[in-house]
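Following this line, the structures themselves.
Look for chain A in each of the two complexes below; its partner is chain B in the first and chain C in the second.
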Partner chain A sequence: SVEAHKEDKPQKTMEVNGLTAVPESYDYDLIVIGGGSGGLAAAKEAAKYGKKVMVLDFVVPTPQGSSWGLGGTCVNVGCIPKKLMHQAALLGQALQDSRKFGWQFTEEVKHNWMTMTESVQNYIGSLNWGYRVALRDNKVTYENAYGEFVGPHTIKATNKRGAEKLYTAERFLIATGERPRYLGIPGDKEYCISSDDLFSLPYCPGKTLVVGASYVALECAGFLAGLGLDVTVMVRSILLRGFDQDMANKIGEYMKEHGVNFIREFVPIKVEQIEEGTPGRLKVTAKSTTGNQIIEGEYNTVLLAIGRDPCTRKIGLDKVGVRINEKTGKIPVNDEEQTNVSYIYAVGDILQDKLELTPVAIQAGRLLIRRLYAGATTKCDYVNVPTTVFTPLEYGACGYSEETAVEKFGEENIEVYHSHFWPLEWTVPSRDNNKCYAKIICNIQDNERVIGFHVLGPNAGEVTQGFAAAIKCGMTKEQLDNTVGIHPVCAEV
Partner chain B sequence: MGWEEAQARGYEEFVRTAQRYRGRAIFALFCGDKDAEGRSWCPDCVTAEPVVRKELHNLPDESVFIYCLVGDRTYWKDPNNEFRRNLKLTAVPTLLKYGTPQKLVEEECFKAELVRMLFTED
Partner chain C sequence: MAQRLALRRLLLLAPRGTPSSAFGTSAGRASTFNVQDGSDFQDRVVNSPKPVVVDFHAQWCGPCKILGPRLEKMVAKQEGKVVMAKVDIDDHTDLAIEYEVSAVPTVLAMKNGDVVDKFVGIKDEDQLEAFLKKLIGA
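What follows is the complex of A and B.
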């Protein structure tokens, strides 16, 4: 016999904070927690399909009190200000080079931190506003409130004044991103800053100690030095873990030769304030990782860049049963970005084993929405995603690092072609003639298909983008050789 | 005290008016000049003005709304006019919150929701 079809009502109800949860109809089709690259892309896409969407975005201020507007890490305290400040440093170098090309100016060239920072923050402000307009225009509801799950299909949003509201949705997308990790040593939160503070710092950081060897650490150290500041990088072990180490070392060498000090195999154990100020003076005590040696140093600013932790531990995931990796805080998802709870999805930096990049989050978010609401089937392709590290000598890469290729295919099955090159623009000002470098890694067993591309030189990002498309098409070494070069550009190598 | 409106014609007068209200939140609507019959040469401004005026009651207390006529069509089309050069205006109508990157341009000004958002939110 056929059972009479009951209305789509859950048979169990749960007591949550004194309320019965799980209503029959929801306030929204989709609630997105986190208004960053992934979250906003998904929200706008869902609105295009006529879905009722809400975005909750809230920035918990840093220990130093820094906060920012809608748009997430990339826009406010990541890619965008980073690239602009990197550009500021490059322009400083260009001014020096320009004399050799005949430009004459008698004044000494100095850098004003406040002028740069104000311009950068102004641009970021226009992006924050642009996102607000885009959301409103697409009929996406936006609330500047901290979202956390309180029960099935139910979320609590708390605004900065502490007012709480409950919302329900058929589906949820977690896109809460990450925040910088602190060392857990005396003085770290009181006196140190992170990248969350750096790009809006209302005073020049002065003599700076950067702790860490991530791309964040090296990029920041790089542009600070390029702006004329005294910069030291304290590294616990290797540079750019996870990146091709051959390239990482070249980057480190270049930075060292261009005025960045490195303290290798030490970790800070204590930060004390010698003098208050903007900037003040700090004393850092560090211990060797290989022995008992203790060293001390004095700096105006200590910038921590030792890693980032996902914002997944305080959003009530336990209340809805979403499993996270307890050690890292990351959320494992299937290849459709779905968590272990069928109506909850996740995208962006918080995903386990996926690349932490803005374009990846955007792509994953958009494709997810198209699969949910437009009947699409395309899944996000995480393979052969190009990246660029904007250190003073830029590094672009796509595909396998040399180590990973050797590990996967065996040393005898891969062939590495490499070359040093001297950008034409560097010749006249007598800049380094043997630092720029490119290499491709080929799979001998597969027609010498190019499986890894690495370039170290100016505009590496621009160069890498085209090669990434070629790699996606399965370019082989022969095809690469048969492609006539553009002359005179770095990319012709 | 609620909000108040001031009017200005041309760049110099706009700057003087803004200076006069220094310290208060200033919102400004820039439109093309009007002829003797009160019609602007800028058709989008004609559409936008009533929409904006209808939302003025949402302006925060103590704020100022400056209604500014920029000039005639020829003046506006000059890529070097002071509004373009100094205020970075790219089109009329433009509705903006002075001293911030918050602005609405052209068709964005036709949307009451967006105008309200500009007037009421941080």
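What follows is the complex of A and C.
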């Protein structure tokens, strides 16, 4: 019985190195809790080495009732729908520009939210199915059930009908990801939505208040405004905490000049419903963070994007002794993604002090599996990981921000080279001529090695990827200067 | 695919698309039906005295929306010699997995409970007619 197990198992587990055989027959070699970017990559990789693997994935519906299929946040309510909707907004802008390039059309250009959302959801549906097929083809067992630890090496899986099953495994991988945080004020869960709801919202959100200044908040506010909606962003203090602030402010300025309203240094304290509907009308009351001023506003939709919390508090980690950061819920791991319990590992957004990005989770997951089952030794490199924020003016970055570089190396030891540029495609339609910007941060003491790359402009993601590879190779300023540019493209800067 | 949106779409669809035993045009009456569950499939497809074409499709699949009606029309032309069963792979994932459906649309030709023919993707009316005639005749 599980009780008897508990007495002698913990000692045995601590003594046994995760790599030697344990004298127990388990149902599976590996059980992965969470079918997102990290979990699925790891599961498929383990199956390649002939291991018996199971994936448990379950989406607890949002307060508004939204739910989705296999694939995790990125596929269903993150990167994929976000980029598609960002593209929808860019196309709107392109249509406007096209007239200056000679395209003639007399109709007024309008946007239909339902048409876009349906197309995006159809694509996501095909991805969900693709993941099911991929798991099946890789002979990975999949259960749409909520997994939680009940004892050493044992997990309980509860499906949506409430049926429970117990499974045992030699090793476990926790890849449960995160969910949006709520404000904890009256009316938040009843009337507000989050990014979990936005991408499948069955009605146009209308006049929207976005609460938060994270990249999620700014990206959503950005494309909603690009689709023609009246958008306001309520910011408690700074924009894009953790990112280069010089760049963050430029992004904010651009959005403001292009129709997004900002309310700075206020937080909502109450949300009430004035009228039901799809969308309805909501009244938001907010208080200043610097004084006693109270303001009110009326919106059709309130989108909360104030942060994400790891799904680690209700999966029975206490039953198996996995330590988590009590304040943040994140799991500290060593540089081999192992928790304090030797047979339990973790990857993805739930890791403490690691980047919350899909490619990072996938890479960490795959390398972990290769170390466990294929004798590899390569560990995941979390340094110099490139990222892109898909705000209306896209921002790509790799390496240090200016502030962190100054802090680490000292202001006198770093040199920043920068320039504004005007994309050729923007000239004819007379779009902004001084908004696009690029800068590199170099370490003077190390041969002027490029330690930070930042670019603000169209297709920032595409531009940044190549430079990230160069930075990984240790490119210096001189090497960069010696590289002939491609003309006419933004990247030649 | 997100559940809230799928539900709303279902509610907006014309009766043909609803999960109840659907009937097509008057010509297609009783020759096409939507599979309700595993035992329904067993009764009306596996144990069917007539040959059955099984159309595995999905709401998010564009080509399925073209093939479906076209196939129904060609089935109706066969004057009752063959019936057509429609299976939504998201609603009946177990069935889809059991019959090794990877991409949609996948159409199986079944006789006496056995899969005797199959194709994946869109076909034109002539190709469909040949497919059906082979199933009935063979």
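Quick note on the criterion: the second predicted complex is superposed on the first by the 470 of 493 C-alpha atoms of A that agree within 3 Å, B and C clash if a C-alpha of one lies under 4 Å from a C-alpha of the other, contacts with A are read in each partner's own complex, and residues count from 1 in each chain.
FYI, a contact is a pair of C-beta atoms (placed from the backbone, for glycine too) under 8 Å apart; a residue touches a chain by one contact, two chains touch by 3 or more.
For clarity, every value in this text was computed on a predicted model and none was experimentally measured.
Trainee: Taking chain A as the common reference, can chain B and chain C both be placed on it without clashing, or not? Answer clash or fit.
Mentor: clash
Trainee: In the superposed arrangement, does chain B or chain C reach more residues of chain A?
Mentor: C
Trainee: When the two structures are overlaid on chain A, which partner does A:Arg323 contact: first (chain B), second (chain C), both, or neither?
Mentor: neither
Trainee: According to the stated criteria, A:Arg99 is in contact with first (chain B), second (chain C), both, or neither; which is it?
Mentor: In the superposition, A:Arg99 touches no partner, neither chain B nor chain C.
Trainee: For A:Gly65, using the defined touch cut-off, is the partner it touches chain B, chain C, both, or neither? Pick first, second, both or neither.
Mentor: second
Trainee: Check whether A:Ser126 is in contact with chain B, with chain C, with both or with neither, and answer first, second, both or neither.
Mentor: In the superposition, A:Ser126 contacts both chain B and chain C.
Trainee: Is A:Asn76 in contact with chain B, with chain C, with both, or with neither (first, second, both, neither)?
Mentor: After superposing on A, A:Asn76 lies in contact with chain C but is clear of chain B.
Trainee: With both complexes superposed on chain A, which partner does A:Glu118 reach: first (chain B), second (chain C), both or neither?
Mentor: It touches chain C, and chain B stays clear.
Trainee: State whether A:Phe199 touches chain B only (first), chain C only (second), both chains, or neither.
Mentor: second
Trainee: Where on chain A do the contacts from chain B and from chain C line up?
Mentor: Shared contact residues on chain A (touching chain B in one complex, chain C in the other): 122-123, 125-126, 128-129, 132-133, 136-137.
Trainee: Okay, in this complex, where on chain A does chain B touch?
Mentor: Its residues touching chain B are 122-123, 125-126, 128-129, 132-133, 136-137.
Trainee: Give every residue of chain C touching chain A within the complex, in rising order.
Mentor: Chain C residues touching chain A: 1-6, 8-9, 58-62, 89-90, 93, 97, 102, 104.
Trainee: List the residues on chain B that touch chain A in their complex, please.
Mentor: 100-104, 108, 111, 113-114, 117, 121
Trainee: What residues of chain A sit close enough to touch chain C in their complex?
Mentor: Going through chain A, the ones touching chain C are 61, 64-69, 76-77, 117-118, 121-126, 128-129, 132-133, 136-137, 197, 199-202.
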